[in-house]
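Beneath this line is the structure, given in structure tokens, with notes to follow.
Chains: A, B, C, D, E and F, in written order; residue numbering restarts at 1 for each.
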Amino acid sequence: MLNQSELSFLSKGEPVDHFLLVKKFEIRLTKNGKEFLSLELGDKSTSSAANLWEDASGFKSIKNSLAVGDVVKITGSMDEYQGNSQIKIDSIRLTKQSDDVTPKDFLPKSLRDLNVMKKEFTGRMEKISDTDLKSLMKILFSEERFEKYTSVPAGKMWHHGYISGLIEHTLEIIRICDLMCDIHPQINRDLLVCGAMLHDFGKIEELSFEPVFEYTDRGKLLGHIVIAAMIVNDEINKIPDFPENLKNNLLHLILSHQGKLEYASPVVPKTLEAITLYQADELSAKVNAYKNVITNEIKPGSSWTKFISLAGTDIHSHGITNKSDDSKKTLFD
Amino acid sequence: MLNQSELSFLSKGEPVDHFLLVKKFEIRLTKNGKEFLSLELGDKSTSSAANLWEDASGFKSIKNSLAVGDVVKITGSMDEYQGNSQIKIDSIRLTKQSDDVTPKDFLPKSLRDLNVMKKEFTGRMEKISDTDLKSLMKILFSEERFEKYTSVPAGKMWHHGYISGLIEHTLEIIRICDLMCDIHPQINRDLLVCGAMLHDFGKIEELSFEPVFEYTDRGKLLGHIVIAAMIVNDEINKIPDFPENLKNNLLHLILSHQGKLEYASPVVPKTLEAITLYQADELSAKVNAYKNVITNEIKPGSSWTKFISLAGTDIHSHGITNKSDDSKKTLFD
Amino acid sequence: MLNQSELSFLSKGEPVDHFLLVKKFEIRLTKNGKEFLSLELGDKSTSSAANLWEDASGFKSIKNSLAVGDVVKITGSMDEYQGNSQIKIDSIRLTKQSDDVTPKDFLPKSLRDLNVMKKEFTGRMEKISDTDLKSLMKILFSEERFEKYTSVPAGKMWHHGYISGLIEHTLEIIRICDLMCDIHPQINRDLLVCGAMLHDFGKIEELSFEPVFEYTDRGKLLGHIVIAAMIVNDEINKIPDFPENLKNNLLHLILSHQGKLEYASPVVPKTLEAITLYQADELSAKVNAYKNVITNEIKPGSSWTKFISLAGTDIHSHGITNKSDDSKKTLFD
Amino acid sequence: MLNQSELSFLSKGEPVDHFLLVKKFEIRLTKNGKEFLSLELGDKSTSSAANLWEDASGFKSIKNSLAVGDVVKITGSMDEYQGNSQIKIDSIRLTKQSDDVTPKDFLPKSLRDLNVMKKEFTGRMEKISDTDLKSLMKILFSEERFEKYTSVPAGKMWHHGYISGLIEHTLEIIRICDLMCDIHPQINRDLLVCGAMLHDFGKIEELSFEPVFEYTDRGKLLGHIVIAAMIVNDEINKIPDFPENLKNNLLHLILSHQGKLEYASPVVPKTLEAITLYQADELSAKVNAYKNVITNEIKPGSSWTKFISLAGTDIHSHGITNKSDDSKKTLFD
Amino acid sequence: MLNQSELSFLSKGEPVDHFLLVKKFEIRLTKNGKEFLSLELGDKSTSSAANLWEDASGFKSIKNSLAVGDVVKITGSMDEYQGNSQIKIDSIRLTKQSDDVTPKDFLPKSLRDLNVMKKEFTGRMEKISDTDLKSLMKILFSEERFEKYTSVPAGKMWHHGYISGLIEHTLEIIRICDLMCDIHPQINRDLLVCGAMLHDFGKIEELSFEPVFEYTDRGKLLGHIVIAAMIVNDEINKIPDFPENLKNNLLHLILSHQGKLEYASPVVPKTLEAITLYQADELSAKVNAYKNVITNEIKPGSSWTKFISLAGTDIHSHGITNKSDDSKKTLFD
Amino acid sequence: MLNQSELSFLSKGEPVDHFLLVKKFEIRLTKNGKEFLSLELGDKSTSSAANLWEDASGFKSIKNSLAVGDVVKITGSMDEYQGNSQIKIDSIRLTKQSDDVTPKDFLPKSLRDLNVMKKEFTGRMEKISDTDLKSLMKILFSEERFEKYTSVPAGKMWHHGYISGLIEHTLEIIRICDLMCDIHPQINRDLLVCGAMLHDFGKIEELSFEPVFEYTDRGKLLGHIVIAAMIVNDEINKIPDFPENLKNNLLHLILSHQGKLEYASPVVPKTLEAITLYQADELSAKVNAYKNVITNEIKPGSSWTKFISLAGTDIHSHGITNKSDDSKKTLFD
């Protein structure tokens, strides 16, 4: 269990006595031809450059065994080089069992409690009325897969790009979809909710995130949409008498959920549930993305982010006080 | 008050004794050089062609006074010409006061009860906490404007394209926005809800809908987005000490709500409220559009519409039974 | 076996004594309220309108049983209505067993001999060196599937849009791919040729073509690309120790073969084989399409087609004599 | 004749005793106000930075006469600065006659033997049957022009971007075109092959490549497509009775060979030969480009290139063993 | 010399005694199998359908000799069929020498006096100071070519699409260019004005307009831009010592004048003169197009045209009185 | 009043004794932990980096009070660092009243005399015939607003991006518009000229330019187009009986003047005046932009700029002598 101050809080000159994740790693030569390690070290708050010189304690033992994704224990102090923070390393060692830290401790993570989210998800699953769909969901979200599903981020960047981001995102979509079903009884609620649960399911194979977020070869060659379709197709084929029509429509929700061909969906939404899922996904994703950008990209003294290319604009934090309190919450109560 | 069977229910040969709206109207000549009227007549269910020959009762009195948008009383029978229904007219007359019918009776209308919607809207308005915004809303949605606002369709076609479509659409957006505020306390709820209420407000001047839906010259030259911004700007300027920051942000919500420059927004969404409003608008609009298209454009024996160019695809009604009943409704209750 | 003159050769006034395919079919009413059938009848050369009146021989027996895709035997004569040919029907009957005709006889068909093409295909399959791939191909192109695969058109229109069009198209691509492998030994020949064989394999489930070319529900909801990927994935999973890397790369060829996201490939070509397959597919398709358009769309006395929207231009037949004879054939022999 | 190890093989510390091409060149000042030369030097394997200080042997004699494109003889050693290789220069001199080196020796070059390619090209030219076209080709590919044509690269980057790249590329296209003519006898083989030979002919004036690849003013203002059309037009006008139709169609092949207006073709392909040439060009170019990128842009230990913007993706080298040997070569032999 | 009322002024029932141009022509059969001619006849004001029955005077003599582009003398009367005007023909004959009419009399024509325009053009040519350019212009605009140049329309539709439209359009551009030269002395006035004169010069070979506007094969295969470049290149090559730089820049103006690759310019504007010419061309063309559309496409009682796809909008005639009189004309006098 | 040599003329080693504008400003730490100021200083000719060390005269007094937009008096000398100019500062102080310099003295400025431009503008205003429009213009261009209007640049970059750039640009457009009115009497001259005057009027609130060009929050949230429309709407509403039609058309000119939705106009040009204004704006803007780029971005010894992304090309200065003198000026005099 990690118990140390966040790296981003350390000022120039303060001592460093921290476990940190190795994010980049390269062996280089000084002008005199001596080897040194050029590192990037970080925790979930930030990253910092660091050079490990051959006279640092631990240099020899670590030089040939270190890899990106390792956690190291550092002592030293915060320094600065050309305006950027840099860690001056006095000693370094790899973690050992007894340190009780894992690379995951150093990755950004959903702010929502994971157990609460799991319970919310399984609770919603229980309320599915269609027995074919319910059986399928239980198989798909079985132990090992469910662990992975509830850990994976929704992406490498932009929205919900942190540990357990996918389940947080999916739960938002389900709430939006349920609201749309309240408004439009023509929507098949079970089908839509299952589509929402599965829409990014393929990310469990598309993304690896230990030690760092990365796309797998399989992920890059097939994409999460087709991966999900193939897994779901496999599992349905094992269920006797699963209705063909239902199968095609569920697969259609997965395949079309990015809404447009140019967003990598091989088919566009062609059913009422498919258009609902696509638009609910967009709503959840874009609002989360703007919220994160406002939090992370506005510098003190400013109310604007830099230009955010995925949004096509710089984004503004207006600072107008939110006067509506909880008693004013309303879905037209 | 209109009390007659719907035109779409009449089969070939059945008698017609109906009030109908004149949707098109042209004086033409027969091969023998005699005048006749080529008409399109309809109610909210459908429209039908009809030729009025000079020997029909009422021809003379009506020929020079008739105009598109008039309601006429017809007797005759349903006929067919080249596969399309056509009304054979025996007699025709203009409506009179005592008939108690108005052109509005012949336009498609929201299926929701208007009074319920009005109450829902004003009730939501009451729950606004920010006093500047609440005052402004009350002025903007004053008697006469409110009447118009609650009558106007959201558009000529595609989504919510019927009487009181705008308020139905707006109420959906508000519910979606309130849900997003529950999920993200960083969103300024009052600001967002007011933006939702005002986003299509300019349509009260952009569209005329009596007797038929039509864009006004002002609407075509300025567009509903700028019309709304100018009205809101005018009213804010009359309120002493309305905060400049709040004003700019509220106007930004109106201006950016179509999300992209190519969709006629002069600025793209730059705040958390603006992106939420845009995506909530999209969600409400697209789901309504698909629902309507499925209802109106699928012929008996088929499960597909024709190609719908605004959706870029044909749309499918899968017919899978909705097994989720009301007891399964959930926003993670 | 069908033995009759082609419909397109019949002039006005000539007798008709033909088997023809029913392509459209609707029951309509005359002005006097009598039923008649409005038909479109055709063979592989062309189609023609025809009205079947109640006094025609066979009207009663056929009226309620007829369906699109049936073959009927007609006697009558060629007529004309408003400049278009029309068949005047004297008598009509459904085909019977002994007529020995099938709807397929009335669909356009590849000009190449099917058995030659089958032999070419299986011969090429035999020359695959990689044993994993060769086994897989033999399973995929097993009896029933191979029958379907060698019958299906490559599409509803534009290129190779006729019976056995897919195999004709695939054989062209294989020849182009083999040439590219000769030029570039870096290309993995077995992988590429298998990708070529499978690239449009999903069309066996996407298209039905009996009695007329039509997309299936499954085809429209999933698309032939994902259908193929799912079938291939299924069969590979049954082969023990099929290499994961090979599997992912073969699936990548299927998924990326349309080259761009906006052409409905969920991933773009990311390997040397993938880019080769995409460009070879384009070359075969576009040249075939232009050839067909020039054959079918140029009217006598003109050297230009109408504007062809898929090509973005009208297309020209220059009529310059081809002076190169077979002795001049060269691949730099 | 150049006989020295490739620059890319030299490690830090190794002596340099090489002829190298000057690729960039700037006179700068040290902090103390002394002049030095900031250089980029290279051979066909790679380029490296080098600073020439005023105490180096040869500094004075070379300072004012040096120019980009010169070849210099260097002695010194390989060094490194901020992670990039840098040459430490001890002495420098310009080449002299007796060194027997030319700038061309330092540019990347086709891996195919130039004489073989020339013979292949002229051999193919001999097989043209149409006498008008054959005469024209012989004039166009006369001595001096043919020298230039067989030296020029096909472009500054992306595909076939090396000395004699254009002829290598053209020969590939011709082979593809000949194959397409075998498949489709409707294609005019002579016309198509001449179009292939001429399609990038304008590059002999668009690009200068001695001492380094560069676009000429004329090339930038007119483009190689129009340059080629003007030269061919000029030469045709000198041939009596060259058929007008043939002339227009040959020029059309040159003008339309980039396939789309946005790719700088002033007309799109409108004939069977034109579409064949465009797609054959694409096939040759894209496959060559991917092959080069895989060779040059994948770092040891990785199987992916960086993101390649012209391809819109990163590109993968799967490393699957090519099991097909020469005995399996097939064009359906 | 043509002296008759315009066809568009004739009402139903009025006698027709007119020379008219044959715009379409087809031999058809009546239901009884008798031949008749289906015609489209017109003058520069409008066109009208007409059927020529075999009992009309002149039918036999004309049936086999008539062709599109002929002028015929008609007697008969204006009629109407399904709401469209139709000419009822009593007698028909081909024109003869003594009628003194030519097909050109029936094509729309510039409203400006041709001789005034010719004088304006040659006058401007005289003021060119650069002697190389002036010589070239005089050669290019020599007798025969100048006749053609001053007759040709600027296009088949949209802007200046009438006889002598090209010179009218060119004179407008020259005036705009001269103004820009007054504002920016950095622009080379002679070069720009010559570019303006030549920018659409290729239309003399791209378009044929007798008897009706049509693109030539050469025009469709090469496009007017390249045609002009080739003619100008030819003529320059005959002038000794014409400066290479000037030649390339003049050709660049022709090639780049459509401003963007997707508008069929093979190069984009790269010089100050080129950007000026492109924008001046746009200004002249778009204003002319809107003016024509307002004149031709607004029906009585309306102030809006239909949707004009080339403009992407319907266009409005506001009817606001122009209060500025000639005394208020100003270029900041 | 500023009287000093331009910064861009100073060579390495020359003394600096200049007032300069502070364009960037950051407090940093040396490796030894001492504070220094990292500055960017400039005048209208160029900008240069400068480090202010703690031993410089004035360091202490200035460190905490300095801000971007201040003018400082510097003594020191021109230096160079890594090839870029850098100012070595000996002493620094803030300006005082008696120095008689303002930040505006350090911003680029129109080369035209401001008073001449003002007179030209007001003179043109006087010639407006329509009394409603003339009154409105006089109110809108009243004292304070006119001052701002005649100071503001037309943009931050690309065209007319300097003090008084907007009025210079507007005057060019007016001249072009007046010429178009001479050619086409159908254009309403008063309406068009007023539209030209107002088209970028909103920039007076969109841009702040003291001390440096910057977009305001209001400008970014609403855009100059809507800001202008709201101001003009406000002022018109105060004028009794201003014609509704005229108001809508004037507002339409402002709203549509960027010509396309994707260029941020909420409506496209729908009137003859609107299309004229858009194209005149384009002509003035693009020519000015090319002229500036040629002036500023071509290095000695070259005739090409770097790639200019807003133009989509590199731009050429051909250097052909302008032989046309003033006596040859012509608008067809």
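Just a few scattered comments:
The rule is short, and it goes like this: a contact is a pair of C-beta atoms (placed from the backbone, for glycine too) under 8 Å apart; a residue touches a chain by one contact, two chains touch by 3 or more.
Predicted model, so just to flag it, every value in this text is computed and none were measured.
Shared contact partners of subunit D and subunit F comprise A, E. With contact taken as defined at the outset, subunit C and subunit E are each touched by B, D. A rotation of 180 degrees, rounded to a multiple of 5, brings the CA atoms of subunit A into register with those of subunit C. Comparing the contact residues of subunit B and subunit C by number shows a mostly separate set, under half of all numbers used being common to the two copies. Annotation: 45 Å between the Cα-based centres of subunit D and subunit E. Inter-chain centre distance (subunit B to subunit D, centres taken as mean C-alpha positions): 62 Å. Taken residue by residue, subunit B touches two or more other chains at 217, 220-221, 245, 249, 270-271, 314, 316, whereas all remaining positions touch fewer. Per the contact rule defined earlier, chains pair up in contact as A-B, A-C, A-D, A-F, B-C, B-E, B-F, C-D, C-E, D-E, D-F, E-F.
Put simply, subunit E touches subunit B in their complex at residues 12-13, 80-81, 83, 303-304, 314, 316. Those residues of subunit A lying in contact with subunit C across their complex are 217-218, 220-223, 225-226, 229-230, 233-234, 237, 244-245, 248-249, 251-252, 255, 261-267, 270-271. Those residues of subunit C that touch subunit B in the shared complex are 26, 28-29, 31, 33, 38, 217, 220-221. Residues of subunit D touching subunit C in their complex: 120, 123-124, 127-130, 171-172, 174-176, 178-191, 243, 245-246, 249, 268-272, 275-276, 278-280, 282-283, 286-287, 290-291, 294, 311-325, 328-332.
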